[in-house]
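Take a look at the structures listed below.
Look at the two complexes coming up: chain A is in both, with chain B in one and chain C in the other.
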Partner chain A sequence: MAGIHIEHVTKSYGQLTVLKDFSLDIADGEFVVFVGPSGCGKSTMLKILAGLEEATSGTIRIGGRDVTDLAPGDRDIAMVFQNYALYPHLTVRKNMGFGLKMRGTDSAEIDRRVTEAAKILGVDHLLDRRPKALSGGQRQRVALGRAIVREPQAFLMDEPLSNLDAKLRVHTRAEISALHKRLGVTTIYVTHDQIEAMTMADRIVIMRDGIIQQIANPDTMFRKPANLFVAGFIGSPGMNFFKATVAPGQGSAMVRLFGQNVPLQAPTGLSGREVVVGLRPEHIVAGEGPVTFAVTPRLVESLGSEKYIYVDVPPENRVEVAHTGGDDRRADTIIARLINPEERAGSGPLTLSFDPARLHLFDAQTHIAI
Partner chain B sequence: MKRSLLHSTFLYVAVILVCALLVFPIYWLFITAISPPDQLRVLPPRFWPEIPRWNVFGDVMSDRPILLWLGNSALAALGSVLLSMTVSVLAGYSLSRFRVRGGQSLGLFILTAKMLPATLLVIPLFGIFRTLDLIGSLWSIVLAHATLIIPFTTWMLKGYFDTIPRELEQAAMVDGCSPLGAMVRVILPVSAPGLAATALYGFVLSWSDYAYARTFLTNAQTNWTANLGITTMKGEYISNWGDISAASILVALPVLLIYLFLERYLVGGLTAGAEK
Partner chain C sequence: MKPRFSLDLARPSRRHWLGYLLLAPAVLLIGLIIVYPLIVSVDISFQNVNIARLDQPRRPFTTANYERLFTSADFWNAAWVTLKLVIIVSVFCFLLGLGTALLVNNKFKGRSLARLLVALPWAVPEVIAVVIFAWMFDSSFGLMNWIFIKLGFIDTTVNWFSSPAAAFMVVCMTMIWKGYPFVSIMMLAGLQSIPEDFYNAARVDGANTWQRLVNITIPSLMPVLGVTLVLVMLWVFRDFSIIYVLTGGGPLKATQTLSIMTYEQAFGFFKMGYASAIGVVTLIICVIASRLMIGRAPDNI
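Showing the complex of A and B:
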């Protein structure tokens, strides 16, 4: 077990720069999740850590040792691949023992560790099968098993759950978390699923176009997104955005939303600034509140325990910035997420409200949180 | 029900026709071998001789050094396959895995070499082998056959390696293999069907060669390959077609046996690229 230190790593393929000055300190035993949209460089960073790709510049230290120029096999890390990459010609037992055998561990010891790991993962009855005779979930466990028998300094996992069906994914997610608690091995986990990131991570690293957007624990990520991208990426459905201009009000600054003056907990010095105001769907509630507005829903989706109310945004509040959470929402609609709603909620005109303290403010030009 | 009966009848008739077309020459070769010489040119042709000459195979083997010729053919084929596979496994793997400057055009160049007719290369090769003092030696056809086999097998193996996910050797490297170790311990075993199919292709190509053997080996009787040997049985005035046919069957037999033996792997090998 060891901490991992990534210092100023960049990676270019010819003209294309896919990682820009990536620096990150990971503590011993920490579970860090890299998350971001497709193509943002998550896998590339993981492969550089594994030694499968060479960084264009920068340094990698694992457990205080500079491994930047070491071969993958000399870094003492284990990797779990998205497609599992089990050796099809070897039995489960040999698959799991392969790494130990390559390191010259004696066969009795290999056998002991493989058996133990297989028990932990519940695949001990499959040890003599070939990978092709396993289900997707079983293959996934064997791939995890191959990583844990090595007892490496760190685990690198590249979207290990994305080939499983939804139910198995939730189940295995919990199992990987439990496994991490039990073994305490430093883990870097790549996903583009923000729910996986939120539920598993000690810390989340959100990336976009090869640049780290924010490094924080899941709570902070949700409560204090560093910029518009993070705000839109974390949370489901994603945060609602409004365009507004800050105006001086009585005692505090204010913005106009839904034709009303909404006071802000922000310094009056902001006056005149163009901002994007963010409000999470779950912070809009039914009934009266500090800021109340009446709407006629465009659409209502019911999930049983909650309802998504789609509401038109007044033209002056519509934002041009693309929504970043992956769901391409229309700029002229916001969503209110009502938890345990009344059955009739949404069938006609509706009163909604929110607390201005819940509002997030972002600079309209730089997209950075204010 | 009626339609499906019609359908399957049609299918069977078609299959039988195709088989008959393919098998008839072999059958005729066999009949020619076991018929007495005077019955070979009768009209209407006879489809089974009255008194089959079963001993023709034994006779032809004692008359001619067929076993020696077969041995030479086998040596040449094994040698050229071994050489070709060594080269083309490494070349095909590199073409499949490494982005080399000009790799694409190199691949095309190899493909072009494959399109040249073998006879075009006979004369330059003769010149080279004479300089190297290899004329009459089995090495000449080992090398000559390799020049035919390597372009094709390299291309075939590159295609096969392309279907194997890169993560496999990446996993092996994380597990502690060197790049070459990953190839030997993981990629080659996984490619076994492809390797078998490719090697067999090379073997048959070498085994069935006549032009090169005729050019390089004619003056070295002890090094004659089976195909070369058989053609010497054809006389200027008299040809004993029965004996020639019997010898031909003996030459075809080994390849047939190998095919039967490897069939299971071959089918796997030939379809492996079809589904990822």
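Showing the complex of A and C:
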């Protein structure tokens, strides 16, 4: 087990730069998730860490040892691949022991470690089968087992859950977290799914176009997004955005939302600036509140425990930014997420409210949080 | 109203009719040009026939052809030559084919051209290739003698086609040259179907290049390898034109394979009954050999 230090790593293919100055310190035993939309460079960074791709510049240290130019096999890391990459011609036992065999470990020791890892993952009854004879979830476990028998300094996981069905994914997600707690090995996990990132990570690294947007723990990521992209990416459904201009009000700045003046906990110095106001769907509640507005929902989706209310935004508040975050939503609609809503017949008019303290402010030009 | 007896093949209950209808021409053709001659030749092999004519009455049943065959030194010689040829040509075709496939599977500038060059011998018509090789190995004007003398391997010109060992070698070389591109193409297709992540996983597991070849590439190629091996083997077994044009089976029957012997008996000596017997034996050997090969190919991928 060891900490990993990534210093100013860049990667470009000819003219195309896919990673721009990536620096990150990962503590020993930490679970770090790289998350971002496809093409953001997260998988490239993982491959550079594994030694499968060469970094254009920068340094990587694992446990204090410079591994920037070491072969993957010499870095003492184990990797779990998206499609598991189990060797089809080998039994589960041999698949799991392959890495040890390549390192010349004697067969009694290989056998002991494989059996132990198989017990931890509950695949000990499958050891003599071929990968073809396993279900998706079992393959997933074997792939994890192949990583843990090596007892490496770090685990690298490249979207290991994306080939599983939704139910199994939730289950396996919890298992990987539990496994990490049990083994305490430094883990770097790549995913495009913000829910996986939020549920598993000690720290999340959110990336876009090869640039780190924010590094924070899940709660901070949710409560204090560094910019518009992070705000839209984290959370499900993503944050609602409104366009507004800050105006001076009584004692504090204010913006006009849904035709009302909403006071802000922000310095009056912002007056006159164009801002994007963010409000999480969870922070809109039914009934009266500090800021109350009446709407006629465009659409109501019920998930049983919660309801998504789709509400039209007044034209003056519509944002024209492509916030490329989690979901591509129409700029003229916001979503209110009502937890444990009372039964409501049809889709008549509705009273909603929110607390201005919950509003997020972003600069309309730079998209950075104010 | 549709006519009452229209052939409505779109009906679910008649959908399989269309299948049979489409199969029929191929089945008829195979029956006519493969199955029927096969039956005739098996039939002829049990008769004492010189020139086979379908309008003549059947001769009495006899196993004389087979008795003569199994006691004939010529037959055993031809069988031995065929076996040697099959083994040598298959092995070298595989080494060359796999080697070139691995090479042109890498990413480099001019890869398409290299792939084309590797596949080129396959596209050259067999007889033309053989005529070129016959010239190259010509004892007076041949390129090979000149090269070998320049390189210092030999000090006087070799008459390639009068020494049994040399003639056999020339036949082998020609067949390998003509046969390896097929293996290479098949292997390349096989290599491209191996997911890149297998190699990545093996690299992370610490396998070096040789270990990756032995533990990942070769096992992943096994299904293709088995089928290709059978096809190459059958090709060497039945190939006629290369040997016939190059040596005609000589010298001293050193290059007389079963197919050359069949031809010689049938159209040289007009012993069609005897020739059919050789053909039938060859067929049985081929069927058994391919069954063994295909059966051996692992079914795990």
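Keep in mind that, in the parts below, the second predicted complex is superposed on the first by the 366 of 370 C-alpha atoms of A that agree within 3 Å, B and C clash if a C-alpha of one lies under 4 Å from a C-alpha of the other, contacts with A are read in each partner's own complex, and residues count from 1 in each chain.
We adopt the following convention: a contact is a pair of C-beta atoms (placed from the backbone, for glycine too) under 8 Å apart; a residue touches a chain by one contact, two chains touch by 3 or more.
Nothing here was measured: the structure is a model prediction, and the numbers come from that model.
**Student:** Clash or fit: chain B against chain C, after overlaying the two structures on chain A?
**Tutor:** After superposition on chain A, chain B vs chain C: clash.
**Student:** Between chain B (first) and chain C (second), which does A:G73 come into contact with in this model arrangement: first, second, both, or neither?
**Tutor:** A:G73 contacts both chain B and chain C.
**Student:** Which partner chains sit in contact with A:R130 here, chain B, chain C, both or neither? Use first/second/both/neither.
**Tutor:** A:R130 contacts chain C only, not chain B.
**Student:** Could you look at A:M102 and tell me whether it touches chain B, chain C, both or neither (first, second, both, neither)?
**Tutor:** After superposing on A, A:M102 lies in contact with both chain B and chain C.
**Student:** Would you tell me the residues on chain A in contact with chain B in one complex that are also in contact with chain C in the other?
**Tutor:** 50-52, 71-73, 77-79, 81-83, 85, 87-89, 98-99, 102-103, 146, 150.
**Student:** Going by the contact rule at the top, pick out the chain C residues touching chain A in the complex.
**Tutor:** Touching chain A: residues 195, 197-198, 200-208, 211, 215-216, 219-220, 222, 298, 300-301 of chain C.
**Student:** Which residues of chain A touch chain B in the complex?
**Tutor:** On the chain A side, the touching residues are 47, 50-52, 71-73, 77-79, 81-83, 85-89, 98-99, 102-103, 146, 150.
**Student:** Considering only the defined contacts, which chain A positions touch chain C in the complex?
**Tutor:** 50-52, 71-74, 77-79, 81-83, 85, 87-90, 98-99, 102-103, 130, 132, 146, 150
**Student:** State the interface residues of chain B toward chain A in the complex, per the touch definition above.
**Tutor:** Residues 165, 167-168, 170-178, 181, 186, 189-190, 192.
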